[in-house]
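To start, the structure itself, in structure tokens.
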Amino acid sequence: MEPGTVRMETFSDGIFAIAATLLVLEFGIAHNGDLGRHLLHLWPSYLAYVTSFVTIGIIWMNHHHTVSLMGRTDRTFLFINNLLLMTVAFLPFPTKLVAQYLQGDGEQAATLTYAATFVLMSVIYNAWWRYASGGRRLIAEGVPDSALRAVSRAFDPGVPMYGIVFVVAFFSPLAAVFLTFAIAAFYLPSAALFDRSGQP
Amino acid sequence: MEPGTVRMETFSDGIFAIAATLLVLEFGIAHNGDLGRHLLHLWPSYLAYVTSFVTIGIIWMNHHHTVSLMGRTDRTFLFINNLLLMTVAFLPFPTKLVAQYLQGDGEQAATLTYAATFVLMSVIYNAWWRYASGGRRLIAEGVPDSALRAVSRAFDPGVPMYGIVFVVAFFSPLAAVFLTFAIAAFYLPSAALFDRSGQP
Amino acid sequence: MEPGTVRMETFSDGIFAIAATLLVLEFGIAHNGDLGRHLLHLWPSYLAYVTSFVTIGIIWMNHHHTVSLMGRTDRTFLFINNLLLMTVAFLPFPTKLVAQYLQGDGEQAATLTYAATFVLMSVIYNAWWRYASGGRRLIAEGVPDSALRAVSRAFDPGVPMYGIVFVVAFFSPLAAVFLTFAIAAFYLPSAALFDRSGQP
Amino acid sequence: MEPGTVRMETFSDGIFAIAATLLVLEFGIAHNGDLGRHLLHLWPSYLAYVTSFVTIGIIWMNHHHTVSLMGRTDRTFLFINNLLLMTVAFLPFPTKLVAQYLQGDGEQAATLTYAATFVLMSVIYNAWWRYASGGRRLIAEGVPDSALRAVSRAFDPGVPMYGIVFVVAFFSPLAAVFLTFAIAAFYLPSAALFDRSGQP
């Protein structure tokens, strides 16, 4: 009577991979002047590209791991998952803003938009996990509580960390972007640690 | 002798996920003036993005559910499915029109195009379902008639509702977009309700 | 020792679905004048979109059917398949040319490019099939010769038909595009007829 | 306890297919002058498109083959794989640079960027393979050492060859692009040779 997780995963995987690949469209090309110098001055674009790409990769890995702990879904959960995908698919836009405005006029507005997207994403992602795990609502039989606590420990710092990025963006847009990158680097090992099933 | 449904689902899933992710390309960036103010004035873009994204997600969920009731396809059905995918893949264009023209000159033409796309989509989608379910033409053995009636009840209001959006767009483009969003919200629970299989 | 077909199908399916969805990016938006009138004058864009989308859908269905008759691949075949995918993924560009130039200056060059792409595609597709089926090189055990002959009969008219489109484009670009659409319509029933397996 | 390879393959396959299809977006359209002449002068775009498309196809085939030799992954490997995908998904940008600047001002900077991307990609790809194969760290049981040596022999020339392209780009950008194409042609047979499993 309650929906399984397979279809949700298929749709989600497609969105993650496409959003990551669309990031490259942020790179604009100057129409005059020296191309070599222009390409070197594009470093905010490279930084934004790497930061967003790694972050999407990590969200994807965590999504896969946590879904593997679930045995079913319900309508509320599918709704929250749709909201989560909507923020992931939106990411190429604030990434492009950072790429084009960092170190120039408008860098504060660009970075605040970038940080706000991540705050929103982490809030939704936390709600997504709390709804699924609360009272083991959607958790499969046989998953030990310790596994759930491990996931919760990884989710907990997400919102505060991205909240700090948002505050930092008011004072130093550049530092905010580097901090976003550092968060991705921070999550990388734990993301990989999660991912311990997956054999066909 | 008659084609199965697996290939059609693979191709359709790809189109749904890519069309949803391409929506983000609607967001343009102003080249002069204050970026922060510009980003706030982009709210029609955010509204159009959310509306189209949620609608595609719901069409995808319903598509999956109804296909799971079918045991075979035929050439006419594949033709209709191709038409359906063509309207889904077209959606990023009218979404971009709404994003760029809402609250400005041309908002009526933009919203009428947006609404017309949804009218066309719901007409094709209804034909798609009526063809498959009429006389249980493509329905798998063992699917109870009550399940078919439940799907039909969900499909029936589609064309009238989007027809109303089209009429409203003549008088108030903004109201038409909000109404489109409301229809997606209206379908969301029933879409999730449908989705009750899917376990591997 | 010889490669199977699964990976080739996965990669090919992705290319087909993405190329079809990228077609929508051809639609440009006018920056001045009346939007409603502009959208009506875009009919070459709609025609080009529908023609290319339906054609990709049909090539995809035929690709799937013919690959299902094969039991293995080899290095030459993978090379030819890669060339085929390259022309499919290229299609959004000539489609955009037709969309922007039909009924204006440059319509002949645009339509010739469009037709040339289809000629090239059909030549490669024929070579693809002749290589696979010649002496039953890659055909699976148990596939009757009659099935191979049916496929060959469907492939045979491809190159001559698109060759005629190319010639027609010299005299009437508009007629050439309509003819391309007619070819897709011609292939649609046979494509669906092919597709008779696919159940999981 | 250690992660399997399935999820990594799904995400990677999506990135490969999307990056290859996004290459077509490099093709710009001139807004004035004779379209026919313009399309003929676009040959650097065609060359860059074919070169990048074939290269991505080959990297994808090798990726699939080598992953099929692995029985597990770990966090370091997933990190390296993410870096590899990031360079693959980046490829549409330097391809566009070559397409727009070859045979004009800035062709050296464009081609150096193109070559540098391939150097970086081949360095990461080599590290990816050395990490996985060193001491049979991630290799599945039953894979003979001779299979590993065959892969290593194919990987070894990658970095030197793309290093030569980078050097050549200083003197003749055009020759560097042709050389990149030649490397893809060189790898094509060995890539296909690798791919000898894959039957469902």
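Annotations for the structure displayed:
In order of appearance the chains are A, B, C and D, and numbering begins at 1 in each one.
Convention: contacts are C-beta pairs under 8 Å (C-beta built on N, C-alpha and C of every residue); 3 or more make two chains touch, one makes a residue touch a chain.
The structure displayed is predicted, hence computed values, not measured ones.
Shared contact partners of chain A and chain D are absent.
Distance between Cα centroids is largest for the pairing of chain A with C. The angle needed to superpose chain C on chain D by their Cα atoms is 90 degrees, rounded to the nearest 5. Where chain A touches chain B, under half of the residue numbers in use are shared by the two copies, so each contributes mostly different positions. Here the spacing of chain B and chain C, counted between their Cα centres, is 26 Å. Rounded to whole angstrom, the centroid-to-centroid distance between chain A and chain C, based on C-alpha atoms, equals 36 Å.
In chain D, 14, 18, 22, 25 are the positions where the chain touches two or more neighbouring chains simultaneously. Chain A meets chain B in the complex at residues 1-7, 10-11, 14-15, 18-19, 22, 25, 73-76, 78-79, 82, 85-86, 89-93, 96-97, 100-101, 105-106, 108-110, 112-113.
Residues 13-14, 16-18, 20-25, 27, 29, 34-36, 39, 49-50, 53-54, 57, 60-61, 64, 188-189, 191-193, 195-200 of chain D are the ones touching chain C in the complex.
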